[in-house]
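The following blocks contain the structures, represented as structure tokens.
Paired with subunit B in one complex and with subunit C in the other, subunit A is shared by the two complexes that follow.
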Partner chain A sequence: MPDRYDVLVVGAGPAGLAAAQTAAAHGARVGLLDAQPRPGGQVWRHDVRHQAPRAAREAIAKLQGVDVLASHSVVAVESSALRVETAEGGRLISYGSLILATGARELLLPFPGWTLPGITGAGGLQALTKQGWPVAGKRVVIAGSGPLLLAAADTLRKHGAQVLGIYEQAPAASVHAFARQLRHWPARALQAIGLRVRLAGVPYRFGSFVRRAQGSDSVQRVDIDTPTGTQTVECDLLAVGYGLVPNTELAQLLGCAMDYLGPHPHVGVDRLLRTSMGGVYAAGEAGGIGGLAVARLEGAMAAHIATGHSVAAHALAPQRDRERRFGALLARHFALDPRLHALGDDSTMVCRCEDVTLGDLNGFTDARAAKLATRCGMGACQGRICGTALAELGRFPRSGARPPIFPARLATLAGLTTLPSDDAYRGS
Partner chain B sequence: MSGTVASFDLIVIGAGIIGASCADEASARGMRVAIVEPGPIGGGATAAAMGHLVAMDDDPAELALAKYSLHHWEAFADLREAEFSRCGTLWVARNDNELAAAATRVARLNAAGVEARVVDATTLYELEPALVPGLAGGLLVPREAVVYPPRVANHQVKRAQSHGTQLYAGRRVLSLQRGGAQLDDGTRLSGPVLVATGCALPALLPMLPMRGRKGHLVITDRYPGLVRHQLLELGYADSAHGDADSSVAFNVQPRPTGQILIGSSREFSATDAAASPAMVQRMLERSFAFVPKLRELQAVRIWTGFRPTTPDGRPYLGAVPGASDQWVAAGHEGLGVTTALGSAKLMIDLIQGRQPAIDPAPYSPERMAA
Partner chain C sequence: MSAQVKLSVNGSLVEVPAGASVAAAIAQLTTQFRRSVSGTHRAPLCGMGVCFECRVQVDGVAHVRACMTPVSEGMQVITDA
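Let's look at the complex of A and B:
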């Protein structure tokens, strides 16, 4: 495998797949990096039991001429190069242009009991399920916000879970208004109808959220606030996610400027997806949550621009703008209820890595001061979960990214390309 | 607040470990103290530091200050916030020449009242089985410890506040004036000032040269027991006190959390706070040469910091040359945490007109006025 690409794409979800394919079609030498063993990203994550959607299969099949660098985790940035880690060792991969298709992660908000075993994100449980984690026969409550809840419920049902209910925090009026707007996006309407048909019999409740989870060794019951009062549901698993936030850590280490819609950063791009750093582009969720259609269009656009085909990029812009409006519509209709900010009390854990409670952070107005005094955000997740939650709760913005982007072997950071095989180094 | 005047016995500028220690000491002695800090408390070199409490013996003045200070650190041994861990320091000798030099250092440390002894190779590997085979022995300083400096600074400021100290948080001193300091919100503080702004010293006291000496640190995930002492190579002083523009040394610390903190690097010309891959690589290779197992550990974070460094490596502790009622405590390079408490006692003694417990002459800023 070469160690230099004309176009290096980070993230093999829909945006990255489109980018890699498009750049390769223009004759560029393309590398497609992803930390997962198979391409697809989160939304098209490989399912051990069920076939991927046709669009995903086609996108993956079209990768001729692309070096798919699977199980490659980007850990640090160097001059026009990324330091990556694989199971075998470290690599330094340099690039002419870099397309960031780093996607999004779930927003998790702390509530009493949220750290009990058996509680995950909604997308998190969907991913685990696709990877073969056994959920058959398990009683599952799905809660939080946004269409991801329906997709998660669908996957869980396919794998034999008993989905007790889907609890959407947005009020019924808002969700219904959103559904009426779907007539402007017929493909989305069909998708939504298909999902609802497959989820027939699963209660879908609005204006409802998990107030508390309880259990001894793992979650056993959850208290759910509904418009008609609190109900308690016995369950084996609770999947709760409050929508998505862009993954911007790599872009931040590269020095790309950030924009904000609300408390969470996304990569700042112009209409042609150029970031503030020359030769670096951002496509899809990294540049703001927009959904699958935006990701695919922007992946292609970024690759056109990165390979000097600006006419082709401009041609896609109107369609992309229209799809971005759909993303804005979603954000508006699924806006988070301010009551969700007050679910946790002083004793509720917020930083799981370092065991820091919300009460420990009272009085702090700055992430760095809080971190220095309490270690909040100093753990292996680098504040991805707690920092994002605290920004959402209005405590303080998350601090800037620090290398490594993900925990990495010291050998990788030292630039060693392979690990020593000598057992003397492994020890007991 | 604009235009208001508040009057104090001492205005401490900067709430790093030095300023916080000075405010703590002064307020404990009943002085009416103000402390001004634009950023987080302990947010500069204090936050970036390893927090190793260590006596360096290559400069007698520095050793006297360290010894005096280490004695006062004992009062923090049971304080939860300090995260005090008496892991001891083990200086590693690669060969017989270094081991022979260790004996000289033991004599100097013992003469200063610091418990220390030479250990042979067998003992070295009993103490630290993860060290690379083939080392000659080491120098063990069993009573030395590590602390978590930013929390100590926070604790000191809180304690000073409980003794009446007024914290001007988020405020910056725009200028020193006759008999006080002007803050950026228009407040004027009147009283003697003590400047403890580390690398930022030239902004207020441009006549006292100060350079930031950049360092990198890497912290790992939790591997309790892999290393047990703060480990350094005996050649460390050459890196720490040499003039090379860039140098690295083996310097590895077990945190009480089970994490391992890996240093150290020194660069004079680097002014950019971003982590330098080349320096990280040099530093890590140095650490692998002594503890090969480190290669496979997971790093969770890399950061940098700047050590406030004077031309001769000694801190400025004393009256500002040519000024009245202006004092300075800054420039401790890599020993600010170790020597903070002693520096604070010495400073407040000088300010109160008392004779300090150790000779203050070697640290007098007057040496720069010559």
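Let's look at the complex of A and C:
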């Protein structure tokens, strides 16, 4: 495997796959990195029991001429190069252009009992299930917000789970207004109708959210606030996710400027997906949650631009702009109820790595001070879960990314040619 | 249906489909993957390699994310629960 690519793509989901394929078609030498063992990203994650959607199979099959660098985690950046870790050790991979297709993760918010085994994200349980997590015959409650809840329920049912209900925090009026807008998006309307038909018989409740979970060794009971009062539901698994937030750690480490829509950053890009750093582009969810169609278009656009084919990139922009409007529609209709910010009490764990409670953080107004005093955000997830939750809760913004952006072995770090000075990252 | 893979989880034999994750193999036996710093039991949360709640020992290597690691024949997995 070479250690230099004309175009290096980070993230092998729909955006990264489109980027890699497009850049290779222009004759570039392309590397496609992903921390996961197989390409597909989250939305096209490989399912051990069921065939992937046709679009996913086609996108993965069209990677001729692309070096797929699976199970490669990016841990640090150097001059026009990324330091990556694999099971075999560290590597330095340099690039001419870099396309960030780092996707998104779920927004997970603390509530009493949320650290119990058996409680996962909604997309989280869907991902685990696709990889063989045993759900057949299990009673599952799905909660949180957004269309991902329906997709998760569908996957779970296909794998034999008994989905007791889907609890959407957005009020009924808002979800119905969203459904009416779908007439402008026929492909999505069909998809939504298909899901509703397959999920016939599964209660889909609005204005409802998980208040607390209880159990001894794992989750056994969930209290759900509904517009008509609190319901207690006995279950084996609880999957709860409040939508998606962009993965921006690598972009921040590279020095790319961030934009904010609400409390969470996304990579700032111009209309042709150029970040503030020369030769670095961002496609798909990293540049703001937009969904699958946006990801595929932007992956192709970024690769066109990165290989000097700006006419082809411009040609896709109007279609991309239209698809981005769908993302905005979703954000508006599934906006989070402020009551979700107050689910946890002082004894609720927020930093699951270091066991720091919300009460431990009372009085702190910035992440750095909180970290120094309580270790909040200093564990293995590096604040990806608690820092994002605390930003959503309005406590304080997450502190900036510092290398390594994932825990790495000392041997990998020992290979770094430029050691970052602490000052360079202080306060960022 | 794909081929099956046999591996050991805390000394017990577990069989899962090829391509399944170590997390899925562990879940056949227990919902408890690790103990937190204050001693409470934890299990996978994010399912996608972000939260590190699923970390276990695989073939002698500590802190391996079970959700991101495919099973292989004869693998030795040890949880901290």
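Heads up, the rule we're going with is that the second predicted complex is superposed on the first by the 415 of 428 C-alpha atoms of A that agree within 3 Å, B and C clash if a C-alpha of one lies under 4 Å from a C-alpha of the other, contacts with A are read in each partner's own complex, and residues count from 1 in each chain.
The rule we apply is simple: contacts are C-beta pairs under 8 Å (C-beta built on N, C-alpha and C of every residue); 3 or more make two chains touch, one makes a residue touch a chain.
What you are looking at is a predicted structure, and each value in this text was computed from that prediction instead of being measured.
S.K.: Taking the superposition on A as described, I'd like to know which of subunit B and subunit C A:P37 touches: first, second, both or neither.
M.R.: second
S.K.: Kindly classify A:P134 by the partners it touches after superposition: subunit B alone (first), subunit C alone (second), both, or neither?
M.R.: Second partner only, subunit C.
S.K.: Between subunit B and subunit C, which makes contact with more of the residues in subunit A?
M.R.: Of subunit B and subunit C, more residues of subunit A lie in contact with C.
S.K.: Which partner chains sit in contact with A:Q126 here, subunit B, subunit C, both or neither? Use first/second/both/neither.
M.R.: Only subunit C is touched by A:Q126; subunit B is not.
S.K.: Using the touch definition from the top, say if A:G379 reaches subunit B (first), subunit C (second), both or neither.
M.R.: both
S.K.: Does the superposition put A:A200 against subunit B (first), subunit C (second), both, or neither?
M.R.: The answer is neither, since A:A200 touches no partner chain.
S.K.: Per the contact definition in the header, classify A:A342: touching subunit B only (first), subunit C only (second), both, or neither.
M.R.: A:A342 contacts neither subunit B nor subunit C.
S.K.: Examine A:P407 and indicate which partner it touches, taking first as subunit B and second as subunit C; both and neither are also allowed.
M.R.: A:P407: touches subunit B and subunit C.
S.K.: Scan A:L416 for contacts with subunit B and subunit C and give back first, second, both or neither.
M.R.: The answer is first: A:L416 touches subunit B but not subunit C.
S.K.: Once the shared chain is lined up, is A:R368 touching subunit B (first), subunit C (second), both, or neither of them?
M.R.: The answer is first: A:R368 touches subunit B but not subunit C.
S.K.: Return the residues of subunit A at which the contacts from subunit B and from subunit C coincide.
M.R.: Touching subunit B in the first complex and subunit C in the second, residues 379-380, 407 of subunit A appear in both lists.
S.K.: List the residues on subunit B that touch subunit A in their complex, please.
M.R.: It comes out as residues 39-43, 47, 130, 133, 150-151, 154, 218, 220-221, 262, 275, 277, 280-281, 284-285, 287-288, 292-303.
S.K.: Which stretch or stretches of subunit C touch subunit A in the complex?
M.R.: Touching subunit A: residues 1-2, 16-21, 23-25, 27-28, 31-33, 36-38, 40-53, 55, 63, 67-70 of subunit C.
S.K.: Tell me, which parts of subunit A touch subunit C in their complex?
M.R.: 35-37, 42, 46, 48-49, 71, 105-106, 108, 115, 117-121, 123-128, 131-134, 217-218, 352-355, 379-381, 384-385, 407
S.K.: If we count contacts the way the header does, which residues on subunit A are in touch with subunit B in the complex?
M.R.: So the residues of subunit A in touch with subunit B come to 76, 78, 83, 366, 368-369, 372-373, 378-380, 382, 402-404, 407-411, 413-416, 419-420, 424-427.
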